[in-house]
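A, B and C label the chains in the order they appear, each numbered from 1.
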Amino acid sequence: MTPISSNSAVSSGSPVATRLVLEQAPKVPSVRRTSRLRLVVLTIGRKLISAVVVLWGAATVAFFAQLALPGDRATVILNIRDGQAQQRTAAELAPIRAEYGLNHPVLVQYWDYLRGLVVGDFGTSYQQFRPVTAIIGEQLGATVTLSLTAILFAWVLMVVWVTLTAGRGSRVRSLGALVDVVVAGLPAYWLGIILLLVFALGLRWFPVIGGTGLNGLILPALTLAIPLAGFMAQSTRVEFERALDQPFVVSARMRGMSDTGVRLRHVLRHATIPAVTLSGWALGSTLSGAIIVESIFSRPGIGSVLVAAVNSQDLPVVVGIVTLVAVFYVAVNLLVDIAYTLIDPRLKSS
Amino acid sequence: MTAIRSTTRQAQRIQLRRRPWGLYLAGLLVVFLAIAAIAPQLLATHDPYALDYPAALQGPSWAHWFGTDESGRDLYSRVVFGAGQSLLIGLGAAGVAIVLALILGSLAALAVKPAAVVVDRFVEVMFAFPALLLALLLIAIAGPSALTEIFAVGLGTAPGYARMIRGQILAAKNSGYVEAATALGHSSARIVWAHILPNALRPLVAVFALSVGQSIVWSSSLSFLGLGVAPPSSEWGALLDAGRGYIIQASWLEVIPGLVIVAVALAATTIGRHLQAHLEKGEK
Amino acid sequence: MRVSRITIAAVALTSVLALSACAGTSAASPAGQPVDGGTIVYAHQQEPACVFGGWIEQAYLSYQVLDNLVSLDADHKVVPWLATSWKASSDGLTWTFDLKKGVKFTDGTPLTAAVVAYNFDYWLKGGNSTADVWLAGYYKSAEAVNATTLQINLSKPYPRLADNLTQSYFGIQSEHALKTRTTAQNCEAPIGSGAFIVKKWNRGQDIVLVRNDKYTSPPANALHTGPAHVKEIDWKFVADPTTRVAALQSGQVDAIYDVPSVQWKTLKSAGYQLEKYVTSGRPQQISFNTEVGPFTDEKVRQAFAYSLNRKQIVDTIGQGVIPFEGNGSVSQATPGYSTKAADWYSYDPAKANALLDAAGWTGRNSAGVRTKNGTPLKVVLPYGAGSIINQDGASILQGVKQEASQVGFDVDLIPVPQSELFAGKYSSPQSYDLSVGYWTAVTAGILYINWRPSTVDDPNYSNSAFYNDPVLNGYILAGNSAADVATQNADYEKAENYIAQHALSIGVYDRLSTLAVSTKLKDVWQEHSQGGPTFYDAYFVK
């Protein structure tokens, strides 16, 4: 595929698509006689190492960022437990300092932390006396479910909307594009509140408190899905309309295929490529949006745990969540990257 | 030759006549906002801090266009007075994001190979954190305030733009112009200055406009979580935070500020898109 | 056929008996049939870190699973619970409690005096910091005279010891559980002898409590005896008040905590049962920094008090639900409340202006703020946004700021996020001029905690006004060791009037615990020491 001009990639607003396009630009000079397998393994190995570096960087950033928090941690812990904000005597703080190893120098704490990460031990929460992995493990499933469901809904909404409105009369087209843009810019909290007011409080179709049931998943997922759909629709629409003008479409129509058939069978496949690359980014975006949505719909998940932990300076929990999200995200991107490597036709043996 | 030129111009005029209403509306809103930011007294109908307890929690009416809040303050005037601060946060955050993105993107694309790789990895590290997470971390350190919000939102949205700029610069680097210039023996500095940077930076104005819209939305999200600017400030996010408790009895307190934010973000996006389209046309 | 008179009399008598039987069991609802069993779904506001601990949110939870020695009834009288009777020695230094026989913890171990003594020591060794606050300085030791008689030895007389023991901070846990289980287990599911047992805690979502079928020890002011009626409580954590109300209205939950004042009338007219408990102890008050800053001058403090129409602010924001409180020392629900102190300062801006002029703040800058020798009258008021002060409270403080500015104060309202607040950012004398907050207590003994002078050997960080005065301390100490309640109340009232006279603290509103309950659920009431919900007597009706 010839590199699409970078400007149009910009106008479709997808930095990831740009990156993908540019990486396909030929830059490797002639490959000598190396077996394909070796090349693939090398490439994957390089990507793995860089992923690990990224993760280490992320963990370090998170750890040291937390250290910059104001105030004395032992005081905070004791104050939270009592619900009173006041200064504390050293005698009161001593047992807490001992319990959490706050007496050790920072580098020692950092080293212990890294060592723990490798084994999967994120430390113990300040407030809950439980391992952080347990706390996160309980909540992660709910958030991931929400995120994946939101992406699924976004896909369905986007495909239906674009298929119906792209490439038709100029009125319909501009309306479609307008809706894309408006909807993509809707803030999650505002949309969530409107949906809550109308569908949960007004029409009583859905429960007000989310919980973990299927019924309580729909409104939160929709809140995340609608703006995402608008965003993905923008680049998909451009591709869709471009593909509609391609010769193979003309020939399909000449063969008597209906308009719907053309759209669904031929054009959709090409049009959704930018959306596929966006889905990886969408995962991070929905995880981020989940923080707000979980708050509106009282839905359990790492979002609400994170906000509460930030508020109470529960260092192990915050660092644990941030690192885990980074791991998740990097892992997914790594897999996508590896998949592209495996199917990249340029890595054939010469 | 003249015939072709006049046909082109005719075609341009037809295109100009079809200039959409959206851009005009967006422009009008921007003008309104500018006045609200610089001289809010001209547009407001009441003192935004004036308490009027007997008039508390009234819906929109001729006396109070957007209604009143729980202390009897006029919501419309509060929105007008809050425009300045909200726009400042939005512009500031967009500015921080673009500057950061420029630095990181250029380094990643143009610097010596090992440095470029390091910077690129750094951007990936930052990109690995969802934007809100980065913002939350910064807020946890520095405490909620307008300045923190600006940096937090800017920091959170910068990595995406950094990648975009890196892509732009790389594309320019590999373009025909640069190949020719290299073949002609021009110095690297001159190539960067004359060819790469202008091409890479041209879409930035449009991106900036888009970024302003995005930043306003993000910063108000932080306020919604209670981590932004706090009441009694009339900053729009603070209004959202304050209106949450009255959603059932006085929904206008939450819905109207939200609408204002959406409208402003939309206006910024519309302007940004038109700028992009305009620039694209110019480049051809 | 004529019906005999005897028959008529018999029918009349039977119906009267039947009717009186119905009226006698006032617990039975006139509308429905009581149902045994069922699950109460209750939406509470804040989720604590552990079930048992020093925070009031933990007290609410632990009340369901732990029993106390004594309970407080609606008239503020101490009534029996795990202790059937108690008395203090004539010198007030020894208290003896007789314990109920045959009570068992849910792990099978028996309740003995030794176990209770162990609990006392456990609290003071870090087991419960608030229990520690109430006992420190008075408690010396506890020992078991025999299996059911407990003796507590004090270093100073403590007439109100029993009153304070009614708070859930003093819930009794199984010694065996405390000794053999991990901190995590005792945090999540403490073992007590209470009406419910912790089954499962889904963090961030809810905690599920199941009925203790072998329950034999309800407090004397409970409405029935034996095990609870309902089988299970699903105690949910829903932070957003609008969501809670909506969930109640949609039938998803049966009862909710902390009803926003703006929703009160709506729920009431819809027929829900609404409960309001005015917390005793220190109300939400504003205290002045008397050590550093403009408020070292008493005239300036009084001027601030006169500049505010506190009643109007509270009544408007609180929609008539939140009670205005003029007394800055104790709330109107506290025994020993001084109405004189409450009425000391009315809304009088003219007087406020006169006082400020007399204090030398005669200049005005361009913004209308008063100045003295060029320094503007700027005062800093940090408040715990979202933690100690909720949204209604924040609106009330905004009203305070506005009204004070009318006489020339520049109040800098600083909402402090929880992490900064609990890190102690605004706790030193240099960091604030005004402080706002509450402290729940059963008696006016809270005065000692809040106003005891801070010394080098024994600092008192709870003295937010930094006011160290032997006269005030004298009144409070006299009240603490007074022989009878009347004398005690008189002494405490002297202290409160002193505080009002010197404008050390002014009241704004009383802290409330509110509940809204669906019509299907009956006999939910608020326990009287701290206002938390109790579900022991609750039952569903069809």
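Here is the rule we use: a contact is a pair of C-beta atoms (placed from the backbone, for glycine too) under 8 Å apart; a residue touches a chain by one contact, two chains touch by 3 or more.
Only a predicted model underlies this, so the values are computations on that prediction, with no experimental measurement involved.
Each chain gets a centre from the mean of its Cα atoms; the one farthest from the centre of chain C is B. Should one ask which of A-B and B-C has more C-beta pairs in contact, the pair is A-B.
Distance between chain A and chain C, defined via averaged C-alpha coordinates, is recorded as 43 Å. With each centre defined as the average position of its C-alpha atoms, the distance from chain A to chain B rounds to 21 Å. Centre-to-centre spacing of chain B and chain C amounts to 47 Å, using the average Cα coordinate of each chain. Each of the following residues of chain B touches two or more other chains: 140, 143, 247-248. In chain C, 240, 246, 417, 419-420 are the positions where the chain touches two or more neighbouring chains simultaneously. In chain A, the positions touching at least two other chains are 69-70, 201, 295, 310, 313. If you check the complex, the residues on chain B that touch chain C are 49-51, 53, 56-57, 70-72, 140, 143-144, 226-227, 230-232, 242, 244-250. Here chain C touches chain B in the complex through residues 240-242, 245-246, 260, 262-263, 266, 312-313, 316-317, 385-386, 391-392, 394-395, 398-399, 401-403, 413, 415, 417, 419-420, going by the rule given at the top.
Chain A makes touch with chain C in their complex at residues 69-73, 75-76, 78-89, 95, 127-130, 135, 138-139, 196, 200-201, 204, 207-209, 211-212, 295-298, 300-301, 304-305, 310-313.
Of all the residues in chain C, the ones that touch chain A in their complex are 43, 49-50, 53-57, 126, 129-130, 182-184, 187, 202-205, 236, 238-240, 243, 246-247, 249-250, 252-253, 384, 387-388, 417-428, 437, 439, 459, 461-462. For chain A in complex with chain B, the touching residues are 6-11, 13, 15-16, 18-19, 21-22, 25, 27, 50, 53-55, 57-58, 61-62, 65-66, 68-70, 174, 178, 181-182, 185-190, 193-194, 197, 201, 284-285, 287-289, 291-292, 295, 306-307, 310, 313, 318, 322, 325-326, 329-330.
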